[in-house]
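In the two complexes below, chain A is the common chain; its partner is chain B in one and chain C in the other.
The block that comes next holds the complex of A and B.
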């Protein structure tokens, strides 16, 4: 470390920093710092010309590491790491110091104090780079095959899209038949195609592909390895056969369960009270007249938001807080199908908020034209289903009539039920899938990384990650496909080397780091130098540092955030400025 | 004694342990929105608040910081499902170490700072600065 030559480059950001921080004073102070071979200022460090000059300086001064004091690392960490690499030094020997968002912009009226803070921050950056070590990304060769779990429409479409790109696919379905819940649904919005026909078309296409292997009545029972190179085992449901597969990526498309109302919830269980999926099963058989248990149906009352957007209550301690997205449009579409069977049927829709978003608004308008009546009920006063004298009566307060109570006699009450997370304990355990607040699988970020999970190489899609329409499910499964394919077609994956590392001299294996690590297989007990020590598998470690605070010997540290680096940064931040 | 606008040299020195993906963007946002807080606040960023060693907290206070603030990931943490509980344990351990050394455990504070929590961050810094001035 003593011999290390560090370059400190200070960015004015065209005044964004230099208007509030005396850059020349910072430069002069930093130049005197031990280990700093050169300190320079730039109008815009990120500009092409500045980068060229920095590269020249790095080479001329034979620097080992650099520090750039500029904006937040969120903006230019990758820019300058790439520049470091172009200059010939290791890209992890670069430290970015944030003197804009966390200094000049936050202390605009205290120039002297902001300048002093900038000096300390740059010093800490220098201390960090001085104790840095050159690191190499961990490169893993990828196996050009993918596992798709769940052969509903999302999973089947994913398999075909992967196959299109020349990736071998193992499509595993737990049920005996493919298609999931779609074949039973009948006509799908927005274009009235039969669910069974959609599934059949996909299945025919899959059968024609040589690079798709479909397993029905089978389950994934084991997963080992890491991104790019997983070994999985698939077992037939009857336990007769087990097959070992090697894949580079995994797409999970296991779908949802329809919400099942509790007995008595909006009258559920009484004759004439059915869920939306149950009502859909009655529709295809109906010709001319709708009949329920041999009785003609004249009045249908739909109650929306059953099982969605629930409030916490004593009898329901774990409510479904989310909106199920598909149900408003599905109910409106169902009403159109019912009106198509019998134009004279009376249909009343009791809703909280109508969410027929996008072009599904057309279906809503058409339902109104075909005679559907929409009544909005208040959040805190849901409709009540009663059976005075054996006949169904739904009482509702209509918000648009100032809360006036209306009683509607019904032949059929349809509970517009939402989507619930599927019971999938085995798969969650095998794949170590993160489960979110609503019980669905959790992505890393709903907008920025919507199909990726914390387990590299394992992607989630469709209604398994939250309620979706069919079109949205397919869009998300294709997003998972493009993420997975990008990984596999490249042929290799580079993993961040900023992971935990064990100082085997200091380690005396107590197992605390292994207990603290939530990632399967990342920490192992190995024998080395005549004793047992911990070993961190760099491809499985996520670099969170959860093992760091539990080590009694300070023997485990994260690359880039070692105990020594953090302490040296603290020293540099508090040391007097002379 | 006049207390108005003490210079940075007199204001309590606060070290913030922040996290790269969650609290750092929130602290950055405070700067982007030109909200101000004491320049004696300095930030060291780490991947996850569940990975902060209690010894670092102790080290910082012994080196000359007046307080350590842990800007925790809270429920947003993507890498540790029990991140909040872990971070709280780290704070407890650090406070225990301080007590053993006769130091005031109130010098360590923790609060969840999300990626858009600019206002909460600034108000935490103001309150912590005031609280430390009284110790």
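The block that comes next holds the complex of A and C.
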């Protein structure tokens, strides 16, 4: 190992690094490190020209490993690993040292200290590379079948799209019927198609597909294995039957629950106070006149943002902070439907902000033209629903009247309720789904990886991930399909080899590593050589390293970050600079 | 106290015409454009908002509709084509109906048949009076004063004037109660009402606020002609009838003749011009015509025309023609005054300056209040 030839490349990042770190000094110090065959600086290491020069150097100097001191690995780790591979060395023989975020940006006014810190960090990087060994990715053959959980429109659409690509689909729906929420809504925005009709069309199509198997009244009760190769069990709700399936990917499309106001919240529970979903169920029956409990409805007052955008309060310690985004449009659209039944009905909309974004803005304007009146209420003074003398009265501060309070008599108060995360504890437990702050399933990155989860091979879609309109739900379900199909159609997945590995000689199975591991199924107890030892499933381990420090026998190590490497790095960090 | 709004108020007001109230999104572009809105603030948007919300109390207490002269700038600037200027017009009609305690005003605005019926009834009544009580019909030469003696006509004039004044003043009283009640908390000393009275007459005579509107001043000029022509005519027939209605043919330069010519010419020109404008629907503000707008202009034009004819026949020495056109003239003028002054568009001539006057009183009171109790006391 001592014979390794390491190249150290230092990046100026324009001036981002070199303005605050004396790069020449770092270069001179690093050049003297044992094992370093060459040390160079670059204006922009990531530029095409610099990469070419580094590749040339690697080949000419016959280097075994390289260290690049530049920006955060989040930015360019993959860039430089790919470059290493192109130069002919193993991509895991590359170490990135972050001297931008950790030196130049963090210590703008301490040039000397920043420089010293950079020297130490690069030395540690060199130590890491010197002890590194070439590693290869873990390749897993994928099973060309997918499980879709939830047959709302998002799930149904996902199933069809997967089937289009020749992937076998198991579509599991908990309820007796498919379609999820939308069949209850009647005419839906943006084009007034009936929800039930949309579902029916999809169901017909699903029935015609030979490679889609639909289970209704069923639940997923078990999941084992890893990305590309999961074994799952589906059980009929009545417990009569259980089926084992093998799939390569899982799409979760379990939808949402409409927010249910507490008794007394904006008068909820009193006759005449209904939620938007409840009102939508009244509407289709109405002809000529709107009626509620046999009384004609002349005045409707909508109260927006019920159950969304809540502020923390004593009686509500876990408020829904998010905007449910569908409800402004749905309420405005509902008002248009109501005006279609009876053009003379008076409709007041008490809103906080009108978020009929995108094309739905047209509906907002249209509602005004059809007689709806919109009043903004202050965030800190929501409307109050009362029943003095048996008649509903909504008191509200009208911002445009200088905050003066007015009382609006109402025959019907419609609470424009938001979307809440659906209660789904069993499924969360079985799939180990990550749940975000708002209670919906969490993606890895809201912008760049919106449908992937921390569990490789498990994707989220539709309103299960957060409030969405139907169009958005379908778009996200198709995104999940494309991510899932990408790995299934390729036939294999390559997983990072930087995972924990157990030295079975040293291990005497105490179970500490298994307790420390946050990933379900990654650590297993196995028999080997006549004793019980820990086995780390390389496809399930994420390489977090949680198990390493807890092992009393120092039997677990992390590939790419072995105990020897880490110790050498520490030594290099603390050694005096002469 | 929380005010209980009236849902659907805008639907009530829509019966009086107006723009598309609920289409307005309260952006305020109209208010920013309105040349009149600067000092009082908020209209036409605020008026539209009151209609949307159903705040009848605040609407009744609003002076803003009378401060609008319908230049139409707001309607042109509205991004939603909600036609705020027309809504201001409808608000004026609605308020006129509200101030009027007899309830007839509302009827006339909402139903054209009521309005035409009332005009016809009063007209026929006038004809009936002449049929029953006219003096001897002298056919040898024109003796209008024998056919319709000035002193009798004058008595009729005064009775009608008294009734009209009573109606206008009592409606004005109701208006001022609502308006001043809306400025809760500010005490208005009676002396202030007196001190600001000149404002009423200044606005009445000149409509001077109008000049603040942008664009050509011709509309103001036309209105000025209309009002002065109308007032001249009123003065001649009510106060000055004994000099105006003579059988002696006074020389051309005699003041009654000159004034008469001015009034007739002004009225004919302006009504003709307005009628053409409405027929052509050329500019925005004339796009919408309610039946009341037509009735108003047609009556005015006919009144001027028949008046001129009476004069012409008299000069030509045609007794029967003179008498009968005189009766026709009266049958137009009387209903025009009786129906249109307290209940219709002519009421604007009173309410506008009265509103300017009340605004001045309110402002005076507010200024006094802001000086602090010690100085105001």
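Please note the rule applied: the second predicted complex is superposed on the first by the 464 of 578 C-alpha atoms of A that agree within 3 Å, B and C clash if a C-alpha of one lies under 4 Å from a C-alpha of the other, contacts with A are read in each partner's own complex, and residues count from 1 in each chain.
By our rule, contacts are C-beta pairs under 8 Å (C-beta built on N, C-alpha and C of every residue); 3 or more make two chains touch, one makes a residue touch a chain.
It should be emphasised that the depicted structure is a prediction, and the values quoted were computed from it without experimental measurement.
> First (chain B), second (chain C), both or neither: which does A:375 touch?
In the superposed model, A:375 contacts chain C only, not chain B.
> Kindly classify A:403 by the partners it touches after superposition: chain B alone (first), chain C alone (second), both, or neither?
After superposition on chain A, A:403 lies in contact with neither partner.
> Answer with first, second, both or neither: which of chain B and chain C does A:102 touch in the superposed model?
So A:102 only meets chain B here.
> On chain A, which partner's contacts cover more residues, chain B's or chain C's?
Ranking chain B and chain C by residues of chain A touched puts B first.
> For A:549, using the defined touch cut-off, is the partner it touches chain B, chain C, both, or neither? Pick first, second, both or neither.
first
> Touch test for A:570: chain B only (first), chain C only (second), both, or neither?
After superposing on A, A:570 lies in contact with chain B but is clear of chain C.
> Considering the complex alone, what residue numbers of chain B touch chain A?
Per the touch definition, chain B meets chain A at residues 7-8, 13, 15, 20, 24-25, 27-32, 34-37, 39-40, 42-48, 50-56, 59-60, 63-65, 78-81, 86, 90, 93.
> Which residues of chain A touch chain C once you look at their complex with the stated criterion?
It comes out as residues 298-299, 344, 346, 348, 365, 368-375, 393, 395, 398, 400-401, 404-409.
> If we count contacts the way the header does, which residues on chain C are in touch with chain A in the complex?
So the residues of chain C touching chain A come out as 2-5, 7-8, 10-11, 20, 22-26, 46, 49, 52-55, 58, 80.
> Mind listing the chain A positions that touch chain B in their complex?
72-74, 98, 100-110, 112-114, 116-117, 120-121, 124, 434, 444-445, 454, 498, 516, 518, 542-549, 554, 558, 561, 563, 566-567, 569-571, 573-574
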